[in-house]
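Note that subunit A is present in both complexes that follow, paired respectively with subunit B and with subunit C.
After this line comes the complex of A and B, so read on.
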């Protein structure tokens, strides 16, 4: 039966080509071409628009290394990425566990809906809603002052914590979804076996559940860490004067000063750094798994 | 069998798309590129213009001068009218982004103040590349709730009483020129950059956040989060007149940055006649008076338009007074080299607050 299927699928490859074609065509046109154009731009002195003179240069990459500004910002962005990922694990993993192993039926569907809900709203709307909640005299400030007897002043807006809150809110569903999938796949009898052999709840968690759900944790962490390091909208709106990160400087190069070559070079340096980090982390995480 | 059908489908899509493009060109549209909420997109103005001329106005917007230049560079032939700060006109002309304007087609052009119309920033080789529209100031604006009487000095921004309640625009050139005024220098010939840097460095801890659009500024005042900040004169007027916010403009004794906004016609415009009609309407006194009364606006470059305002109007009385004229400094073009230097300084300041 399995053999039949295998030969069948090989024979089916030729007629399947037209089905694959749109996807590959799309990938080529939408991702490969613009990206290679950006690689090209990153080695140019200026854009060849309106008859401007240009030449090939490594200067855009050299700019990153000659000014401490960029490495300082990259470091700040990497730290932001790590912190947001960590908070997403802390908040998302227990939620995923409850969804996969505790709740059943209707209540699971309801909670699931709440987790996915942020995905259905526009990112900009979410961030502006946080602005209304976090600012002085905003929803959080007013509510806490109405409940608490003493007067406190909550003004989280335009600060580093505000950026963290906004980003964690945007990205925690990724962690919940990836962890949920792996947690759900764990056979309940494995947990029961561990318990019946005398393992405490904590030991079962450490020796059975976390190792088996590690692929989900890693996938979630990678899905969150990479975009957060390059994020620019959330820091700009929620961070105020402390909201300058690597991503916002890249955005400035494209939008504010029209220096696409430098912006492209900075983006590819970010890409390289992120790939190196993921490459270094992969074996360590796999061993942990 | 499948491939021809796919090809047919793609061809059909291509034909449909080109049909739409053709239809769009046929409808005598005037594509206008300007700041959002800056006169040209007022619904009543667009309706009046369309009724009078039969052209259809399509508005598009930018959030910074650099974005405007980017849009012109990357969409040749799309726009018919573009609003350019005179200090950027040079750059747009040198990049062959705009074309000379036949001012004989503009009946209101003769009424434009001679010093504005003759500005060397808008005229190159005896040809006119920009029609002066309005001018105004980048000065200070205050939240009236935070002051008993309006301050007179720029030093108010550094007052510890306003710590965390000051706002400035996230723009390197504007920030550096503001620093130049605060350190008593000529904005177009900054000799002592260290003094500017020192001034701005000591301002950073005062700042709540940076603004990039009028909307940012107005929301900060509406939720009472700021006391004082840099603002454009027309925007302050709009905040007060149109949005009924407790905002008033302060022209500090140390001076303010003055700018001149002008309309140009992009190279490759498909509807030059429509563009000329639209520009002429924008500098018309009737439009200007309605704009000031209904919405709030900067000062018109058309002398007849300013004279049409009531005697005690802010744009006529204060902005037109010789005492103010002595204090303000008009912005000259900034070279790419200077811009990069300013940006480096500004980025350094922003990174160091972390």
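After this line comes the complex of A and C, so read on.
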């Protein structure tokens, strides 16, 4: 760090300001002020627009705590986040291990890119693509019935498992990425040392590899859990009538019911939950990053 | 030794299965866009009718143009502003720098549902309302942190002695930046720009809350269509989107190593 500071003056906010100001002004107008406005707005009875009457109220928060529906949905969303995160660990961690420790050279590079690629493509479209697989008469149904002797009906579409499958598909590359980064940083000689001292593969995994890759696991878990708790498009498309979660209720307040203050309060409660979770993960994330 | 070999092959097979899980639905969606049956019936009968009918869908074409325009403007604005900020964060040390760097994470980490609804409330409150301007405001803000992170990562590999040398040879600050620093960080700037394009072009949630029926983007239009019912036309336009965004990311990968390691 010290030699970087040698260029430019040391305590130099003045020359930095013109370079920083446009970007941070933009972030303020489009992110930070809106988030503050949302908090403010969640304490109002109505939109303070077009001369409408409004007053301060705690009613929107009272609604959350008095109607068990909202807290139930929040728990359903938290559970969804937990389940999706666990599946991502189960599926993503072994893949990250194979990428980091088994594959070498160009094939590793190519496969790594292939795993990460879908993550950066359109999420909505990838969720829609599962509808093609999961619906009755879809590929899964047709193939299984062609292979299996007895006739069974596979109609996973519009069910809780469908939502889980779609979300895991969306987020598992995140887990592979973060775990791969920590796993490939583990020195192979540590693993060899463990083995030569008589530890079994399983013991090496439990005592050496998993503890050392913990930061990647936790970073991945936080990066997956948070957006899943706030998801609404995925449950809508793949869950149908069973796909009512906390996120879809917030969406409804803004696009269907038009109770914006309640929507703002619900959003803010979600934000608080998310911030607590990120805060818990932050020390680990900082060490990993 | 034999066990190790077997385990390695199990591992390779596992990766193969994972790739299947990741790509099969996308491939099936693409195949169905070339299938003649409007109800996705098999056997497969080749047609390009669904793509042809996209050209008749004025609403979809208008939304596509909006998406492309917004993505291009977002790319330019966020790349310029983001690179400037990265340079400042690299060159200068001042009080509150850590805070400014930490402030880049909320836009990335807070679920878009929250950011999007907050923008809707605020833009309504200050009179911007919904529409393309609001969408653009939001997209640039979402793309900026990515650009700053990517360009800053590239700046970490830059030797400050080079700037020092240019300065001692009589170059002024502007010349140093344009002739020395910028050429070096160019791969990072290009990667940041491609990220910004992808963030904007694929953005659904924030656009969804900020759009109006006339002023909308392609993903929002597709969501509306999906909720009315599945048609092979949606498959066709989705296939185009996924091919475009994957091609973009492959291009980005040429400039930016996601793995951090060779």
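Assorted remarks:
The rule is short, and it goes like this: the second predicted complex is superposed on the first by the 248 of 289 C-alpha atoms of A that agree within 3 Å, B and C clash if a C-alpha of one lies under 4 Å from a C-alpha of the other, contacts with A are read in each partner's own complex, and residues count from 1 in each chain.
Operating definition for what follows: contacts are C-beta pairs under 8 Å (C-beta built on N, C-alpha and C of every residue); 3 or more make two chains touch, one makes a residue touch a chain.
No experiment lies behind these values; they were computed from the predicted model shown.
In the superposition on chain A, contact of A:242 is made with subunit B only, not with subunit C. When the shared chain is aligned, no partner comes close enough to touch A:203: not subunit B, not subunit C. Once chain A of one complex is fitted onto chain A of the other, the partner contacts of A:256 are limited to subunit B, with no touch recorded for subunit C. Comparing subunit B with subunit C, the partner in contact with more residues of subunit A is C. When the two structures are aligned on the shared chain, A:103 is found in touch with subunit C, with no touch to subunit B. Contacts of A:274 after superposition on the shared chain: subunit C is touched, whereas subunit B is not.
When the two structures are aligned on the shared chain, A:143 is found in touch with neither subunit B nor subunit C. Touch criterion met: A:34 reaches subunit C, while subunit B stays clear of it. In the superposition on chain A, A:66 contacts neither subunit B nor subunit C. When both complexes are aligned on chain A by C-alpha atoms, subunit A residues 47, 49, 135, 137-138, 255 touch subunit B in the first and subunit C in the second.
Every residue of subunit B that touches subunit A in the complex is listed here, in rising order: 2-3, 6, 63-64, 66-67, 69-70, 73-74, 95-97, 171-172, 204, 207-210, 223-225, 339-340, 343-344, 347-348, 350-351, 353-354.
The residues of subunit C lying in touch with subunit A in their complex are 7-8, 11-12, 14-15, 18-19, 21-26, 28-29, 32, 40-42, 81-82, 84-85, 87-96, 100, 103, 106-107, 109-115, 117-125, 137-138, 140-141, 144-145, 148, 160-161, 163-164, 198, 201-202, 204-205, 208-209, 219, 222-223, 226-227, 230, 234-235, 238, 241-242, 245-246, 248-250, 252-253, 258-261.
Only residues 3-13, 15-17, 19-20, 22-24, 26-27, 29-35, 37-38, 41, 47-49, 91, 94-95, 97-99, 102-103, 109, 111-118, 120-126, 128-133, 135, 137-139, 142, 169, 172-173, 177, 180-181, 184, 201, 223, 226-227, 229-233, 236-237, 247, 250-251, 254-255, 260, 263-264, 267, 270-271, 274, 278 of subunit A touch subunit C when the two sit together in their complex. Contact residues of subunit A toward subunit B in the complex are 18, 47, 49-52, 67, 69, 72-73, 76, 135-138, 158, 240-244, 249, 252, 255-258.
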